[in-house]
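Both complexes shown next keep chain A, but they swap its partner, so chain B is in the first and chain C is in the second.
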Partner chain A sequence: MLANHIGHYSLIMGLLTSILIFFLSLKSYKLKIIDKRIFSISFLQLFFVLVSFASLVICFVISDFSNETVFNNSHSNKPILYKISGTWGNHEGSLLLWLLVLVLFLFLFLINSKNELKRYRILTITFQQVIIIGFFLFVLITSNPFNYLFPRPNEGLGLNPILQDPALAIHPPILYVGYVGSSLIFSATLAAVIENYISKDWAKNIKTWILISWIFLTIGIMVGSIWAYYELGWGGFWFWDPVENVSLMPWICLTALLHCVLVLEKRELLKSWTIILSIATFTLSMCGTFLVRSGILNSVHTFANDPSRGLFILCFLFFLITISLIIFFVYNNEKQKNFKKIYFFSKEVSILVNNWFLMYFLSVVFIGTLYPIFLEVLVENKISVGPPFYIKLIVPFLIFFLIFMSIGPNLKWIKETNVKNKIQLIIFFFISLLVSLLIYKNIGETNLINIFLIAASFYLFIVTIRDLFSKESYNFSKKISHFGFSLLILSILLNAILSSEKIINLKVGEKFTFKNEKIFFKSIENNQKENYKSVIGHFTIQDDKNNIFLFKPELRIYDQPLVVTSEADIKTTLLKDKFLVMNAIKGNEYFNVRYQVKPFMIWIWISTLLLAIGGFLSLYKRVHEK
Partner chain B sequence: MKNKILIILLLFFLSFCFFVLFKSLQSSSIYVPEKEEDRKLSEFVSEDLFTKKKITSSEIFQGSDYYILNIWASWCAPCREEHPQLMELSKNPSIKLIGLNYKDDPKKAKNFLEKLGNPFSITITDKSGIVSIEFGGYGIPETFLINKDKKIIKTFIGNLTDDSVNQINSIIK
Partner chain C sequence: MKLFKIFFILAFILNSFSTSFAEKNDQLTIKISKNLRCVICQGQSIYDSQSEFAVSMKLLIKKKIEQGLSENEIYEFLIDKYGEWIVYDTGFNKNTFILWALPVLLFFLGGAIILKKLVFRKN
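Here is the complex of A and B:
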């Protein structure tokens, strides 16, 4: 109860410091000197939000049900880890976390930007404070995590069991760092536009923040899809669900920005484009928040369904978009354009082409996500856009993207006069075409587009492996990331075409055969656990070499709230995953059993990690160069 | 001058987006994995099990006062159990029965209907399972009672019993 009050009041204090910093920064901007008080008040602001967040965590840990958020989302029987992660497993708490990351990022920016232009620094603080004030108001007015309940209920309603998972305990915080990091890029860009500071130095500094956001967004998305793979029991890892798309869009935009800012740093080109991308990244993150939090979308992620919340974010989102557009049009005058000659065979052009492709993929995902909403409002026609839409639109362009990506990164800045190893590149292409044909011959299907797709991804794979071991350029981070990306695409494709599944209803004692494997349902075992009842099925799978594997998929019947979840049993090897999941059929001794063999599953995670590691190496290098 | 037109167009576009999103807020929906009734059907395209021709949902839901859509598969044991109930419902002339064959082998599906009788006037296939998801299917078997406005008025999760047949008959009267 005490923690509840402390949390609430420090949140209000946080808002007050925010307003104070906003006015102080405006004053400093006029006087052209930084008011020293801004630093101490920023620290105070961080302190208040931290206290507020910590008190919410304490409320969850001690199961203080007089707090409405705790009452709605926790239960005294829950393991301590999920009590803590329950703090951000709900709408109110996750917004508080969002706020904490916002404030933390601003503070880090303040102490790390001492060498930059004064007025640029101040303006960044001003814009960031506008966003922070917006979120403070949003939390306090529409979704206060410290609402007080009297009389105090004896027991809470429980956390949704599918959220009780270690991967999901860390998924939101990581993703939020990525999302919120883009807010700082947004503020800094607007400040730089006003101060006419879009330049080499600015690009160098902002790239650190872009990298941080990008790394966290990459890992956050990965953890989310690992969770979906293990927990949702569909055996897939990406469903083109609107909420997944919403996290993918800022990622694509940020990836484009990451490359584009390189051109700005090396050649001082693409200034306006960099600005647009920075604004778009944050707008897409906000748009994601709006779509997820307003309940417009149907998804497992939608926890809030209060129109007033949606309205607030909607207004705030459009307020920010309008402001950024006004600033862009008023201040971004490219009159002092120093004309530079651009050659087609150069790194900057290849990065531009990479950006075009990324923008195309982004617009496909954007339209697929938003079009159904627009259509429903305008003509009351319900459609749902599923994987076939995305696959049909993305795959043909992906082929060219992959081929381009094999060649582009090795071109020189300004002008490439002599593309090296031409013959080697052509030989590589034919090798990959051959490999792809062989794969398809083995499956026994032929589809021209798919053959080229696999060939293109093998091509990129071979080229990135060659680059990884060549000693010509020492940009190791780029090599790792590009290699990771090629591995990712390759393993996704091979996984998609080589997976096989069988769905069957079985009762204890029955068996079935799938390809050359015999699956036998031996017995079931019932256990009472701390906060759920578990039903474990014992299956044996015998392969053609007579090796026997034991599989134990589990059903968990939670009582607060009453939900049944199925935990798949997955045997992972370097080459393939075997995935077995069962579901109860009501009032029946039969279980619905789904058995899947999914090749190269683990490589999807490994390659995504490689992508992030590449980003991390680049970040490390940048920080040490300073 | 060019810039001004661009700004006006952008503003116009933005306010349009705002309006649409604002409207959609008011009809917001939550994720309901269980029964969703009184909901209008979304459009879909599928393939007929027997003729293998493409067929759209508006062609399927045509010419009857009530429709029953049943999601089934030959590998699904409870589907076998509810088959007599479906056969009984098919005798009622005011209902058109539609079978949605879920992730099944067409040969086995046809065999199943030949052996046990075919209650459906149309059987469509759903090899990938996408149509069922779009339909809001929760599990298999599942049965939807749909009226002529293409609204789902009742959902039965799990196999149909005599009791559910009575319920359907009383709604139709």
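Here is the complex of A and C:
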């Protein structure tokens, strides 16, 4: 109860410090001297938000049900880890986390930007503070996590059991750092536009922030995906669900920005485009928050459907977009002609091609996610845009994208002249065509587009492996990331083509064969756990070499709230995952059993990690160069 | 040559995964159920869901396949019953042609802009 009040008041204090910093920074901008008080007040602001967040965590840990958020989302006999993670497993708490990360990023910027231009620095603070004030108001007005309940209920309503999972405990914070990091890129870009500071130096500085956002977004999406794989998906890991798309969109945009800013850094080209991408990335992050929170989307992530929240974010988003457009058109004057030569076979053009394709993928995801919403409003026709749409529109273009990605990074800045390199690239291309034909003959894949896709991804794979071991360029981080990406595409592709499965209804004592394996349902075991009842099935799987593996898929029956979840048992090896999951059939002794063999599953996660590690290496290098 | 060897080995491994054609009906059921939305769940396909609705749907699909209906006939039957919303793969019709065409149009527009910028510089 005490924590509840402390949390509430420090939130209000945080808002006051925000307003104070906003005015101080405006004053500093006029006087061209940074008011020293900004630093101490920023620290105070971070402190208040931190206290507020910590108090909410405490409310959850001690199960203080006089707090409405705790009452709605917690239960006294939940394990401690999920009491803590429950703090951000709901709308109000997750917004408080948003706010915390926003403030944290501004603070990090403040202490890491001492060598930057003064007025640029002040303006960045101002813009970031505008966003922070907006979110303070949003939290306090529409979704206060510290609402007080009287009389105090004795027990809470509980957290959705599918969210009670270690991966999901860390998924939101990681993803939020990625999302919110883009706010700083946004503020810094607007400040740089006004100060006419879009230049080589700026590109160097902003790249650090882009990398941070990008790394966290990559890992955040991956963790969510892993969770979906073993908890939600019955073996799937990406469903083109609107909420997944919403996290993918800023990622694509940020990836484009990451490449585009290289051109700016090396050749001072593509200035306006960099600005547009920076603004778009943050807008897409906000858009994601709006779509998820407004309850427009039909998804597992929709915690609560409250129109006033959606409306607030929509207005705020509209306000930010308007401001950034005005700033862009008033201050951005790329009028001064630069006559730098651009050749078709150069790195800058290939990065342009990369951006072109990425923007296409972005538009597919964007239109696919939003179109059904508009259609329903306009003509009251409810349609679903699902995986087939995305696959049909993305795959043909992905083939060319992969080929360009194999060639592009090997070109030099300004103009490519190396003939040996070109010959090697052509030879590799024929090798990969050969490989895909071999695969085609072996598995009887009949879809022509798939064959080309396999060829293209093998091509990229071979080229990135060659680059990984070549000594020509020292940009190791890029090589790792590009290799990770090629491995990712290849493993997703092979996984999709080669996965096989069997669904069958079984009762204890029965067995079935799947390919060369015998699956036997031995027994079931009932247990009472801390906050759920568990039913564990004991299965043995005997493969063709007579090795016997024990599988224990589980059913969990939670009673607050009453939900049944299935926990798959997965045996992972380097070559394939074996995935067994079972489900009860009502009023019947039979269980619905699904057995899947999924090749190269683990490589999807490893390659995503490589992608992030590449980003991390680049960041490390940048920090140490300074 | 080393590379060649590796790929031959890889191709051999892939070979061992090949699917038999005896389970064709099962495969078709899976394919269809992946393309159908579970109308009572949140954002899951019939294939992914274990709700009673999804389970009975899967049985229905199997029955329809055994009756000799083709994939498209089954979709038409279900759309009549539950509305267009149930199918994930929206066809190409007067309501969706913008959905399908717009991204591709944007792609060509982007290409045109890039080309124009590059060519104009040269002149």
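The criterion applied here is as follows: the second predicted complex is superposed on the first by the 623 of 626 C-alpha atoms of A that agree within 3 Å, B and C clash if a C-alpha of one lies under 4 Å from a C-alpha of the other, contacts with A are read in each partner's own complex, and residues count from 1 in each chain.
As a working rule, a contact is a pair of C-beta atoms (placed from the backbone, for glycine too) under 8 Å apart; a residue touches a chain by one contact, two chains touch by 3 or more.
This one's a predicted model, so the numbers in the text were calculated from it and none came from an experiment.
K.L.:
After the alignment on chain A, I want to confirm one thing: do chain B and chain C clash, or do they fit together?
P.N.:
Pair status: clash.
K.L.:
Which partner chains sit in contact with A:Asn381 here, chain B, chain C, both or neither? Use first/second/both/neither.
P.N.:
both
K.L.:
Of the partners chain B and chain C, which touch A:Lys30 in the superposed model: first, second, both, neither?
P.N.:
The answer is neither, since A:Lys30 touches no partner chain.
K.L.:
Look at A:Ile503 in the shared chain and tell me whether it touches chain B only, chain C only, both, or neither; answer first, second, both or neither.
P.N.:
both
K.L.:
So, A:Ile373: does it touch chain B (first), chain C (second), both, or neither?
P.N.:
first
K.L.:
With the two structures laid over each other on chain A, which partner does A:Ile321 touch: chain B (first), chain C (second), both, or neither?
P.N.:
It touches chain B, and chain C stays clear.
K.L.:
Which one hits more chain A residues, chain B or chain C?
P.N.:
So, of the two partners, C touches more residues of chain A.
K.L.:
After lining up the shared chain so the two structures overlap, which partner does A:Asp241 touch, if you call chain B first and chain C second: first, second, both or neither?
P.N.:
The second partner, chain C, only.
K.L.:
Considering only the touch criterion stated at the top, classify A:Phe329 as touching first (chain B), second (chain C), both, or neither.
P.N.:
Only chain B; A:Phe329 stays clear of chain C.
K.L.:
In the overlay, answer first, second, both or neither for which of chain B and chain C A:Lys471 touches.
P.N.:
neither
K.L.:
Examine A:Val364 and indicate which partner it touches, taking first as chain B and second as chain C; both and neither are also allowed.
P.N.:
Only chain C is touched by A:Val364; chain B is not.
K.L.:
Take the contacts of chain A with chain B and those with chain C, and give the residues found in both.
P.N.:
298-300, 302, 381-384, 386-388, 503, 583, 585-586, 592
K.L.:
Contact residues on chain B for chain A in the complex?
P.N.:
Residues 3, 6-7, 10-11, 14, 17-18, 20-31, 40-43, 75-78, 103, 130, 133-134, 139-140, 157-158 of chain B touch chain A in their complex.
K.L.:
What residues of chain A sit close enough to touch chain C in their complex?
P.N.:
Result: residues 232-234, 236, 239, 241-243, 297-300, 302, 339, 341-342, 344, 349, 352-353, 356, 359-360, 363-364, 367-368, 371, 375, 379, 381-389, 393, 397, 431, 434-435, 438-439, 442-444, 462, 494, 498, 500-503, 515, 566, 575, 583, 585-586, 592, 597, 599 of chain A touch chain C.
K.L.:
Chain A touches which residues of chain C in the complex?
P.N.:
3-4, 7-8, 10-11, 13-15, 17-20, 23, 26, 30, 34-35, 37, 42-45, 47-48, 50, 52, 55, 58, 83-90, 95-96, 98-100, 102-104, 106-107, 110-111, 114, 118, 121
K.L.:
Inside the complex, what are the residues of chain A that reach chain B?
P.N.:
Its residues touching chain B are 290, 294-296, 298-300, 302, 305, 307, 310-311, 314, 318, 321-322, 325, 329, 373-374, 376-378, 381-384, 386-388, 503-505, 583, 585-588, 590, 592.
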